[in-house]
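Once you've had a glance at the structure underneath, I'll fire off some questions.
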Amino acid sequence: MTGIQLNKPQGSHFGRIWVIALHAFTQLVRMKVFYFLAVFAVIAIASNFFDLPQHEGPESVGINVLRSIKSWSLGTMTLFSVVLSIVATALLLPKDVEDRTLYTILAKPVPRLDYLAGKLLGVLLLVFVSLALMDILMTVVLHLRAGMVLDQQMAMAQARGWPAEAIAELRADTALHGPSWSLQGAVWAVFLRASIMASLALLISTFSTSTLFTTIISFLIYFIGHFQADARDAYLQAGEAGQGMLVRGAGLVMSLVLPDFQNFNVIDAVIEGQALPMVALAKLSAIGLYYAIFFTGASWFLFAKKEF
Amino acid sequence: MKNWQRNGILVGAIFVFGGLRLPFEAGLRGELQAAHLIPQALEIGTRDKIGQTSSAVALGGLRTLVATFLNLRAFGFFEAQRWDDVADTFDTIVDLAPKTRYYWEAGTSHAAYNASSYYLNQSTLPPLRRREAWRASVLRGRAFLERGIKNNPTDWSLLRNLGFLLSDTNLFPAFRNPDETFLAAAAAYRRSAATGNALPYVRRAEFISLARVTGKEREALALGRELYASKENRAPTVLLLLLVLEAHENPALDSAARAVEFFGTAQSAYENLCRYWLRTRELFPIYGVASALESLERTLAIPQEKSIFNKPLQSRPDADEWFRN
Amino acid sequence: MGLMAETIPAVEITNLVKDFKTSFGKKLLRAVDGVSLRIMPGEVYGLIGPNGSGKSTTMKALLGLVAPTAGHCAIFGKDSLKVDSRNDVGFLPENPYFYKHLSGAETLKFYGKLCGLGGKLLDARISELLALVDLEGARDRRLGGYSKGMLQRIGLAQALVQEPRLVILDEPTAGVDPVGSRQIRDLIFRLKERGITVFLCSHLLEQVQEVCDHVGIIFRGKMVKEGRLEDLIAIEDQTEIILKDADPELIGKITALVEASGASLVRTGKPRTTLERLFLRETTEGDEP
């Protein structure tokens, strides 16, 4: 024996969380989730070649291709991130309980909060890395294609003898659909929404009895969450609309309990070429963090007293 | 702590947590709606189509992708000339992607131009039915485009397209009252120019529309003079309308001399005025044009048989006439 | 080990009661009913009892995996419900499955890091532990390809990674073949030599008898017998004499002597080797020192 003596818990909370996170990350990676990235690569590149039928003149041709690349890419990112964050989170906890690996971990000096936070961070790490890779691919494809479209458009405009302002306008219009910081912001919003879903799935899985239950309930909340804002409006504007107490009360309960995902629909506006201001993104980030911390805290509250 | 106590605390925490975030989220929603980053409830058309609207909301992040697919489907309907399906599909598409100009423009042109001309040429239908179908289709296109403008009030191109639609000689009989229609067209062009992104011709188009509104001659003249100040705006139609409006304001004006001033030579002035004279389909005002032509014919010694007044005029746009076979 | 550590029990369980809810609501199932036990440092304690008698629940309560309904558990004086009580304990659950995607060394590294170890110290510790449990050859093989006995041994190494003063083994030889079982038994002896306290539970009595110096028998949640193994199993009024190369004549004389003295002869016969010993002799001939 080398003679190490331990009296106090060794290492920082963050150190432990990081060890568990990295481990959850590798565990998921070995479950071959990254194959999905290959699928994404095919989609991102193929979306270049979708020969979309045109209803309109030649100047909008290129822009449609750019929009198609963005739609496909962000759509795939949305699907991937939501499915992965829910399913992976719903899977990891019960798997550890079933395989009794949880006993060996909790029998070490590991606070239960560290364990939960580590698992969540591992899933988020995976989602983040995947989104980052997809984002890079999308940006590269978009950059190349936007350059080609712009060249084509300039050639067309010059051939037709457009005035300088018209060419500048066209150029600006096309630039809106190329790679932009707003697009990066939209990818970040996709990640934020996935973080909320992962932490929510974590909460559910601390009291759920099966992976299937966690997954189904999480997806349900995900979809209903998109209408939470309507329930809130029903509560806030019930007076004006002359609705009864019942509607008002139901609206209030719904908007207090369910997360609001409608604000994250800015992603669609960005795909359509709208600019996403930093302030809005910062507020979305604050909301994402708020949810993630609350759900993790609530998970710990339940998990701390759980018996195995 | 008992289990029910813990659950009670958790439920309480969920409510408190919800209460704390509610005002913040509601505020952010307002801001995002104001910035048109998320659609307002009213903007998404009527809430009759609740099913479609709901799916539009729930498809967060996937909406434009679904719109892309629907666009493909719309193209299929277009090829099959199933115009009602085309219109319905575009209604859904713009619910999903209300910020995409292309969908508004495509939807408009299908209804106002493609479908309407299909009905125009649909010889199996009785004339009255054809006429009503044509008119309904044009109006549907206009309404769709106006909805697009409501969703994208700063889009110069949609506004310009509304101007095009309202001042299209093939379409405006559908709107019944030419003065109102040209006035609306001019207003659309003006708003388009006011966005600051429009190309210079939009202001000329505004002038060309406004000049045709009975009772707005003075305003049109002021606009025309403002445009004239800049050289690039001196297109023949602008010059001719300016001439006509000046003649309207001052009936004693020697329009022939003014035309020569505008076009440099008597020959050029005469050719331009002749072309203008023949464009009856566009409902241009013709104050002082006849006298200027007469005067220029004398100056240029145009023989009587070659006089412009002997050439046949285009028939005026009249839907009743189109559908009279 | 300091003087203080000698006086603080490694395990102290006082009046432990644990109720579980049955699936139909109200009715409670009492899994552990007033169990008390104390293990002093350096002892090897075997808790035996039939399946479902409350052995595992007792261990889980000691590790803080379940909360006692009543009573108290402590490890080296620290409350089991507190995280820091687990600094000094290593646990090998029954039939453990570790992460299949990790190799032996990676598994130990993961658990070492969880305990706050790292760097060269941890690497050295991993090599030492792999040598201890005789898995150096399987160091970089994934756990997915380990046999049951190997899994049990890597589990033991995992339990030892932060050099705990107490290890808890839940059915350490369940499902392991006799050779593997023997290796684990030898490991327990080695731990004992190093002064590590061992708390194991099993229903394989022979094994417990071989390695433990203290035993508790638990039945239907209650501790029915507890104490030093030798004290418990010695038959006080009997004496055993084992002879070699004795002819029947000698046996006759001894029998006569016994009868003359007033004592009684219980039985004579040939002692048998155990089947386990026979099996081990036949299967490991030459490998064993």
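Each chain gets a letter, A, B and C, in the order it is written, and its residues are counted from 1.
In this section, a residue touches a chain if its C-beta (ideal position, glycine included) is under 8 Å from a C-beta of that chain, and two chains touch if they have at least 3 such contacts.
What you see is a predicted model, and the numbers here were worked out from it, not measured in a lab.
Visitor: Expressed in steps between touching chains, what is the minimal separation of chain B and chain C?
Guide: 2
Visitor: From the Cα centroids, identify the chain that ends up most central relative to all protein Cα atoms.
Guide: That would be chain A.
Visitor: Starting from the Cα centroid of chain A, hunt down the chain whose centroid lies farthest away.
Guide: C
Visitor: Go ahead and name the chain pair joined by the largest number of contacting C-beta pairs.
Guide: Ranked by contacting C-beta pairs, first place goes to A-B.
Visitor: Starting from the mean Cα coordinates of chain B and chain C, work out the distance between those two points in Å.
Guide: 88
Visitor: Can you work out the whole-Å distance between the CA centroids of chain A and chain C?
Guide: 48
Visitor: Please work out the Cα centroid separation of chain A and chain B, and write it as a whole number of Å.
Guide: 40
Visitor: Pull out every residue in chain A that's touching 2 or more other chains.
Guide: 305 - these are the residues of chain A that touch more than one other chain.
Visitor: List the residues on chain B that touch chain A in their complex, please.
Guide: It is residues 1, 6, 9-10, 13-15, 17-19, 21-22, 24-26, 28-29, 31-32, 35-38, 41, 54, 57-58, 60-65, 67-68, 71-72, 74-75, 78, 96-100, 102, 105-106, 109-110, 197, 199-200 of chain B that touch chain A.
Visitor: For the complex, give me every residue of chain A touching chain C.
Guide: That would be residues 1-11, 15-16, 19-20, 23, 26-27, 30, 99-101, 103-111, 305, 307-308 of chain A.
Visitor: Would you mind writing out the residues of chain C in touch with chain A in their complex?
Guide: 60, 63-67, 83-84, 86-99, 101, 110-111, 113-118, 121, 124-125, 128, 155, 158-159, 162-164, 168, 194
Visitor: Over in the complex, which chain A residues touch chain B? Could you list them?
Guide: 52-53, 55-56, 60, 63-64, 67-68, 70-72, 74-75, 77-79, 163, 165-166, 169, 172, 190, 193, 223, 226-227, 229-230, 232-233, 236, 255-257, 260-274, 276-277, 280, 283-284, 286-287, 290-291, 294, 298, 301-302, 305
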